[in-house]
Structures are given as C-alpha cells and as structure tokens.
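In what follows, a structure is listed as structure tokens, so that the remarks can point back to it.
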Amino acid sequence: MIRAVRATDRAEWELLYQGYQAFYGFPDRSEAFYDKAFTRLMRDDPRDFRGIVAEQHGKLLGLVHFVFHPNLWRDEGVCYLQDLFTSPESRGKGIGRALIEAVYAEADEAGVPAVYWLTAEDNYAGRMLYDRVAVKSPFIRYNRKS
Amino acid sequence: MIRAVRATDRAEWELLYQGYQAFYGFPDRSEAFYDKAFTRLMRDDPRDFRGIVAEQHGKLLGLVHFVFHPNLWRDEGVCYLQDLFTSPESRGKGIGRALIEAVYAEADEAGVPAVYWLTAEDNYAGRMLYDRVAVKSPFIRYNRKS
Amino acid sequence: MIRAVRATDRAEWELLYQGYQAFYGFPDRSEAFYDKAFTRLMRDDPRDFRGIVAEQHGKLLGLVHFVFHPNLWRDEGVCYLQDLFTSPESRGKGIGRALIEAVYAEADEAGVPAVYWLTAEDNYAGRMLYDRVAVKSPFIRYNRKS
Amino acid sequence: MIRAVRATDRAEWELLYQGYQAFYGFPDRSEAFYDKAFTRLMRDDPRDFRGIVAEQHGKLLGLVHFVFHPNLWRDEGVCYLQDLFTSPESRGKGIGRALIEAVYAEADEAGVPAVYWLTAEDNYAGRMLYDRVAVKSPFIRYNRKS
C-alpha cells in the first residue's frame, strides 16, 4: 500500500530515512535531525514537505519526501522530490517506481505537474529506474562553497 | 551598481531576460511570460522570487533571480538561484560574479546560507565562473516526462 | 576457466559478441563483420587484438578483446580494452571482473601495465563493476563528425 | 603555416608541450620525457606518433600529436589525437581548429577517417572548439588503478 506517512510510522520511518542518509554519506545524523524532519512532515503545511510511504504486511518498505516551490518560469511552481528510498531487502519490486508515481499523482492533484529531482551521477541503481520514469536533463548542480 | 530590480527597469530587464531565455532555447516567450515574471519580482513576497540587477551608467548589464525554498535536510531552507545573465557586451568584467555574490549576501542576511543553482553541463562560459565562486556537485537533474 | 579464445570458439564467440554489439546499438552487424574480427583475433599479431573468454562446463559465458597501442606519454604504450561482455544469464558471478583481471595480467606480462577502456556514461551495470576494479577518469570522448 | 614538426623545432616544441603537460597537471616532466617524445615524433614510423605544428612568423604557436591504432570494429583502424595545444597568447585565432583539421586531412590520406580524442570534462575552452569540429560521445574513460 502506498499512503501518506503518519505519526505511528515514526520509528520505522526513521530506519528508512537513516538508510537514505547513510547512502549519501551521512550515517551519523542526530536524533534531532530526524525529529525535526518528521515533525515537519506531520504538520499540515502546504508549503512544506510531505511524505509518502510504501507499506506491506504492516511494515514500511520505502519512503519519498516532496515539496512544492516557486519557479519563475512557471506560475504554478514545481514539485521537488528530495528523498527517495526503499529498504535494500525490498528492491526490484517496483516500490521506488510506485513512490515516484504517487508523487506524480499528488503533483497533478495540486496542479503542479512539473516534478523533478536530483541524484548523484553514480547512483546507478537509482538511475536504472529514473531512466524509465523520467528524463535525464543536461543540468548539473553547483553549490556555494561552505 | 548592484541593486534590487525596480519597476522602472521593466523594459531593460525584459531585454536581458530575453537573452537568457534564448540561451536556454526559448527565444519566443510571450509578453505574458515576461509580465508575470516581472510582476512576481515586484511583489514583496518573501516566499517568491526576488531580482537583483547590475547597472552601469544608467544601463542594465545583468540580472539574477533567486528564491528561498524549504529543504528537509535544513530547517532554514535553501536559496535557489534560478536565472543569471549578463549582456554579451559586458562579459568578462566580473558582473556575473558580483551578481552571484549579491545573492550570497542576501542569503546570509536571510539566515539561509546554502545557495545553489543548476546549469547546463555544456554551459562552458558559465562554468568557468561557477568553478571559481562555487563547487560542482555530483548531482544531476531528472525531470518527469512531459 | 579464463583462457585465450581459440578457433573452435567461433560460433559461441559470435553469439556473445552479437550480444555486445546489440547492447551498443548494432544488432545487425554483417557476418563479414564477425568474420573479420574473429580472423584478427586468431592471427598471432602482437600489434593487433587478442581475445580472452570465460568458459564453464564447455560453454562460453563471456569475452574480452584488447590491444596494445602507442601512447606518447609512455614509452611502453597502453593497453586498450575495447570490448567486454558476459551473457545475461551469467551476470553477477564475477565473470566480468575475472575477464578484466585477465587483461590486467596479460598487460603486466607484456610490460604495459596501463589498461584503460571507454564505456557509455549510462552503462550502469558495467560501471558498478568498473568502479570496483578501476577508476573513473574525468575524460570524455569526442569523435570527428561522420 | 600548418606543417609537420621537424628537428629544428625541438626547443620551441618543448615549450609548447610543457604548456600542455602543465595544463593536465604535470608541470615537472623530466627532460628525458621530452627527449623521448620528440625522438619518437622524428622517427618515420607509421605505427607511432606524428606531430603537426602551427608556425607564424617563424614562431611555433601550436602543436598536435596523433597516432593510428587498431580497432576491432573497423579494419582500417582509428586515429587517436592525443595532444593538442596552442600557446595562450595565440588563442582565439583558429589555430586549434586548423591543427585538428590537419589531422583530419592526414587521417583521410591514410584511409583512416575515424578520428577521436579524449578531453577533461571541465576543459571548457577546449570543448567550445570541439563542439564545433566534432561530436561529444557518451563515452567516458576508466583507468586501471595504479
């Protein structure tokens, strides 16, 4: 089942999000990090992030977080899918795809059909999926030096 | 002079923004496109885009547009620099760099120091500058198929 | 068993090489194409390509082709691994890695330790392996317009 | 004038080749490195590198080195353009392009029309030229760990 994340998912959601954070090199995020993120997901703020999870037999197998934000080229704005993760044991079953498609559906519902995300160039497993459900753009990201 | 865009810049601002849109393959944007974008820049909405221009001898030489938006990894959010352009005649004078640094200053002022932007992989002239004032990340952009 | 390709491999070798050619968009190579390539592999020319195959229970599961060629930066030259393929059914068993390592051994034996290859940026499955046995360089290939 | 490199170019050729080596991070190549490379260029070996230079008013402004090597997909082989350099003072005058086109002409003369080269992804100035005279392929280079 693909559904909105809810308060009772807190513990399992953190395990998944820890897996995601570790994938991107942050295995040691503080408890405060997870608390803040989950609190934001639970708030019903249309301008902040929302979360969708994949549940099977009462267990969470995947999550996706997204937000709508302004874009000067499009009046209705765009939908930014920031985080996507499925547990290693449940890969290859279409869960990642289902989560992305759930975001597409939410975006359509919101009248903001343009969905995008960023991924590491060498996230090969992710890109195998992304090439099927989306289109790689020629755009790369630059960050201010920190 | 690097300063906020203002209502009297409307005509010159459009010429610059047309140059930018043409660079990315959209030479034929409608007048409505420019009207809407400028109207948004003129509104004083802290959640929407703001514009900064470079003016010299009463003439606009460059523009930059940026917005703050939520990021689930950072409570304060991030600053997205969407558009940057300097007129072809005024390249190589540090205007692009000054505009980026003006955004950095605004971002610091707003307590949102993380500034990022996306650029085409083959925007060589731009990247020569970006490599000096920022860091290329390994992130690439995927778009939902339209 | 990892061993040099030999005349009796002709039929099975072609099936594998067809799989490789199809992967790169050339499913319809002529019989002459395969004949010429195999003839070159059979010649004992130290300046031309050599082939190594992976055999298990009398069946070929993978192939690799390589050649030594001059490089102006290195007196001894370099070793170019042009083609690498394992049959889809036999992926994930370390055959690709064994074939690459067999080329490394041949290159060492020849006193030409620098081995390199090119791969499509989106050859994700291949790159998962290559990142383990080699290093991605920042070099990209340009071709004369044909 | 675009012409083959000759023995009397030795000193000026080294200055240019030093510039090129420094660009790729090797400012301290030994004298032996340059001696060996020049000796090879002077030998009349059709299987080894040849050099072409751009001369103006008795001064060398640019160089290119290339070699023909086997390719299993093409009986006639391919032409690898390994090094291309023009002195910083003489950029923007079409010298790089003329050197590449001289290699194209040599390759055609040799019956080996397929010319290719590798360049660093962030060699922006080079790529501005390469995008005009050649086509970027999706191929990236992997090197054996050294």
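Observations
All chains are identified by letter, namely A, B, C and D, in their written order; residue positions are counted from 1 within each chain.
Basically, a contact is a pair of C-beta atoms (placed from the backbone, for glycine too) under 8 Å apart; a residue touches a chain by one contact, two chains touch by 3 or more.
No experiment lies behind these values; they were computed from the predicted model shown.
Interface residue usage between chain A and chain B, two copies of one sequence, is largely shared: over half of the residue numbers at the contact are used by both copies. Averaging C-alpha coordinates per chain places the centre of chain B 39 Å away from that of chain D.
Chain C and chain D have centres, each the mean of its CA atoms, that are 26 Å apart. Look at where the CA atoms of chain A average out and do the same for chain D: the two points lie 47 Å apart.
Residue positions 122, 136 of chain C are each in touch with at least two other chains. In terms of inter-chain touching, the protein chains here make up one closed cycle, each touching precisely two others.
In summary, the structure contains touching chain pairs A-B, A-C, B-D, C-D.
Listing the residues of chain C that touch chain A in their complex gives 122, 124-125, 127-128, 131, 136. Looking at the complex, you find that chain C touches chain D at residues 33, 36-37, 40-41, 47-49, 65, 67, 69-73, 75, 80, 82-83, 104, 107, 113-122, 130, 133-146.
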